[in-house]
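Shared between the two complexes below is chain A, which pairs with chain B and chain C, respectively.
Right, the complex of A and B next:
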């Protein structure tokens, strides 16, 4: 909302983003290998959270299929990684997830509310068990080895995917399609009677968001080197982006970025400090976040900002 | 050729005929009223015309072209826009964005975004919401939300506008403003079909009226003819005991 209204603020945000990107891009030059690997997983989660928000944020359709699209990318890499060059594998991983999402979207985006949520989550389990069955009964071997790639290469590819994703998300938000997506979330019926081809738009944006998840999966596979269905289709990948986006805030683009960044760091921190209790602490943390920050971290910050500067909402 | 023509339009809900064998013809440029008691099938007829529902049988033609079987967005882009009985504005979007959406998507041919924005501002002025441009639609009064829906519908540049109980729940000042708005819409060359319970508005604004009862058409004609019609009086006031 209020795009272009506060252009000086936008310039500031853009500058900040650019600075962070430059600092990130230079990270392998000054940071330890451990930091670069940690940053890679932060980037991975940021990509998943931002692409999840791309579709689910404005439309309000809560998709739990992220793990399926991410996993499809991982498996593409596992199957084709030995024969094709890496860039091609990544694009293919994205495209396969894109097509999968087109198919799933065409079948399920007529469902609403909890039915859509359940179906998308079912998809993750379906793919997991189908591939498991395939590997046990047809190929006879479970699990695959993916040719490893240097840590910094993985890092740079992730960063590149993120930049392309952010540009895509920004482009969609600024175009008339951003408005249309929002109107679908507000009132689908009114949107369609105002001339929006609701079904087509939902399916295409869903597929675009899946593309980036698949591409991220294809890269990440090279870092994990050993892949089997339970690793590739980990249900946690479906839940994390939702939690991250809610934690950070869904409305502005940087909400899920901040959410994913803090979450991944927190996870690493808790795992190393409290290996036995980290899930418990994480859970309590999440509960508090949902109870006291319904609009996420960004919403909270905006509220505090408004209060301290004494700016009130104009009521006409 | 009438701008909108329905032949034996029928739709059931379960075993109940919500709209049954209704024939109608709406002429270019007129304000056509649709009245009848609650549950008569008026909104269902609107839903059939705008493709929110598909008819079980019968045909609906817009400018001589069959439009049954099309999707709502296609009907809208052909030039038939509508408002809703219970307002369906995009509550968390600004008043301007509500209208901009209609201007950006509802037309036959796509227009540049700068032109869409210009048109949206002009329409907000037309319905008298210029001051409210930047506020979220949910913060408007009911009367203004109804105006906003009209502006959003007009933004799709329709030739035919379906107004579903635009005056319901409005106070008398707002009703007068709404009546003036309908007249201005007609003057701009747009054909209007309106469902209404406010008789003052129907009698003043509509050229012709169709009366529905239990899904069937029971009368049609000028406001004068219809208000003198025996069946209509029976439906609205019950049979006269002393006749």
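Right, the complex of A and C next:
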């Protein structure tokens, strides 16, 4: 593949992304309020899935702590939402998740593979049960009310977080840190021998990805208006980004975006049409995705593309 | 004072027996078949609901139901491995990729099994009473069903251990656990053995579920909690170690009982704290290699 071809492809992709962003930004002008709310949940899942892929994609560490970071953001919003202005609450929500991820990252340095997966999921359950116990026994109240914010405001903030996240992800991929992350995923020991600060890099990127999840959580709390530990630390938030990213395809940046978009739309569609079968259909979808599309939708599309374009050229 | 200690210890062992049975099943599935079965709790739930249905609809004694649940869940697990997981194992490029993919497939299974159960049995909490007369232990009182549960849990684990240690198939399973490729070269029918292991794991979950239904209330969404406990016990005992899982189950049961005595409501929190400290300090567990 020539260099000229890639750059023209890049220009095309950039143009497409800009167009989509403009269409999205103008959505509240032409779309119904229902569409805007739906788009807000799509954006929320896209943010979580892209942040998850930011760390777990290149390194291969499957983190199931997304719900913990997201929930930390939600609780920040619930506790400080009444006293502090919204932008500050969102940044604080992100920062608290950031610090939590720094701590988790520093603790789990030595854990690899399945141990890391279990630790991160354990964290979600630990926070959930601890806060539940705390609310029942210490404060005596379960659940909190979050001051509501207008739907379009929530939508624009989500969109802004997504744009910042995409720019960050792009920056990391293009920089030497992206390459270093990739090398950690391929062979951690070799990476560390080639001069990559494996530990520091892993922790920082993990914390950055947690920042965006926390910020998204802080915004989303204002839309939900009522939260309790089981809503804030819903284990589904941990599993969904993994599935979305794998469904869409982990490699390219747009893979998780496509996966999250389709999954969220599917979720809304199934909930309204088949409320009793929704999770069942969802499970079947997951199995099919894992069995038949190991490289995700993007991988599948590329395979079909290769097959059809391969036929046009000579069989060598 | 002594009565209180006795109370706490025996309650812990009663709880631990159930934990041990379910963790041994998970340990077998992960240690040999390399599937981290997140849907393990759903198999436990199935066992519990089959027993509940057999008791309330047909009046079958829950202890007799053990002989029904075991084979049914064994068949479910075996068929799942032969179809789903064998396919994944062949298509995954590395063992590591298989671990990741099979775990995600288990999430899919979790949703499917849980929601099929809700469609069949409804989402409500269910329960039945069986042998609730109390038995006296030097002043500490326990209901008979819980003591029977412990007895059966111990017997099931012991039988299973003897099966692994003493039979040809058990030897093949242990060989496959150590090195599946070499075991295959030595004439072990590896796909068959792995599928049997997954089936036995599901069977243990089913038996555990049947025992649970005798003592506790059950509902279709109960699975994840039991999965997490089985996971903690498995790590506590050492990944893949069957005796380790057994001992780990009893230890965790004791911890749960002590914490519940001191501050009820914190037992799950205590489990996760132990779990995370353990992962940090000694991820290989007490009997791990």
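Rule of thumb we're sticking to: the second predicted complex is superposed on the first by the 305 of 316 C-alpha atoms of A that agree within 3 Å, B and C clash if a C-alpha of one lies under 4 Å from a C-alpha of the other, contacts with A are read in each partner's own complex, and residues count from 1 in each chain.
The working rule: a contact is a pair of C-beta atoms (placed from the backbone, for glycine too) under 8 Å apart; a residue touches a chain by one contact, two chains touch by 3 or more.
In this text the structure is predicted, and so the values were computed from the model without any measurement.
Trainee: Does chain B (first) or chain C (second) touch A:198, or do both, or does neither?
Mentor: Touch status of A:198: first partner only.
Trainee: State whether A:170 touches chain B only (first), chain C only (second), both chains, or neither.
Mentor: The answer is neither, since A:170 touches no partner chain.
Trainee: Go through the superposed model and pick first if A:279 touches only chain B, second if only chain C, both, or neither.
Mentor: Touch status of A:279: second partner only.
Trainee: Name the contact category of A:180: first (chain B only), second (chain C only), both, or neither.
Mentor: first
Trainee: Can A:291 be said to touch chain B (first), chain C (second), both, or neither?
Mentor: So A:291 only meets chain C here.
Trainee: For the three-chain arrangement built by superposition, which of chain B and chain C touches the greater number of chain A residues?
Mentor: Comparing touch counts on chain A for chain B and chain C gives C.
Trainee: In the overlay, answer first, second, both or neither for which of chain B and chain C A:189 touches.
Mentor: First partner only, chain B.
Trainee: For chain A, which residues belong to both interfaces, chain B and chain C?
Mentor: none
Trainee: Would you mind writing out the residues of chain A in touch with chain B in their complex?
Mentor: Residues 1-2, 5, 175-176, 179-180, 182-183, 186-187, 189-198, 314-316.
Trainee: Enumerate the contact residues on chain A facing chain C in the complex.
Mentor: 60, 62, 107-108, 110-111, 113-115, 117-119, 121-123, 125-126, 129-130, 133, 136-137, 235, 239, 242-243, 246, 276-277, 279-280, 282-287, 290-291, 294
Trainee: So in the complex, which bits of chain B are touching chain A?
Mentor: 50, 52, 71-73, 75-77, 81-82, 84, 88-94, 97, 100-102, 104-107, 113, 116, 131-132, 134-135, 139, 152-153, 155-156
Trainee: Can you check the complex and tell me which residues of chain C touch chain A?
Mentor: Contact set of chain C toward chain A: 30, 36, 84, 87-88, 91-92, 96, 99-101, 103-105, 107-112, 114-116, 118-119, 224, 228, 231-232, 235, 239, 265-266, 268-269, 272-273, 275-276, 279-280, 283.
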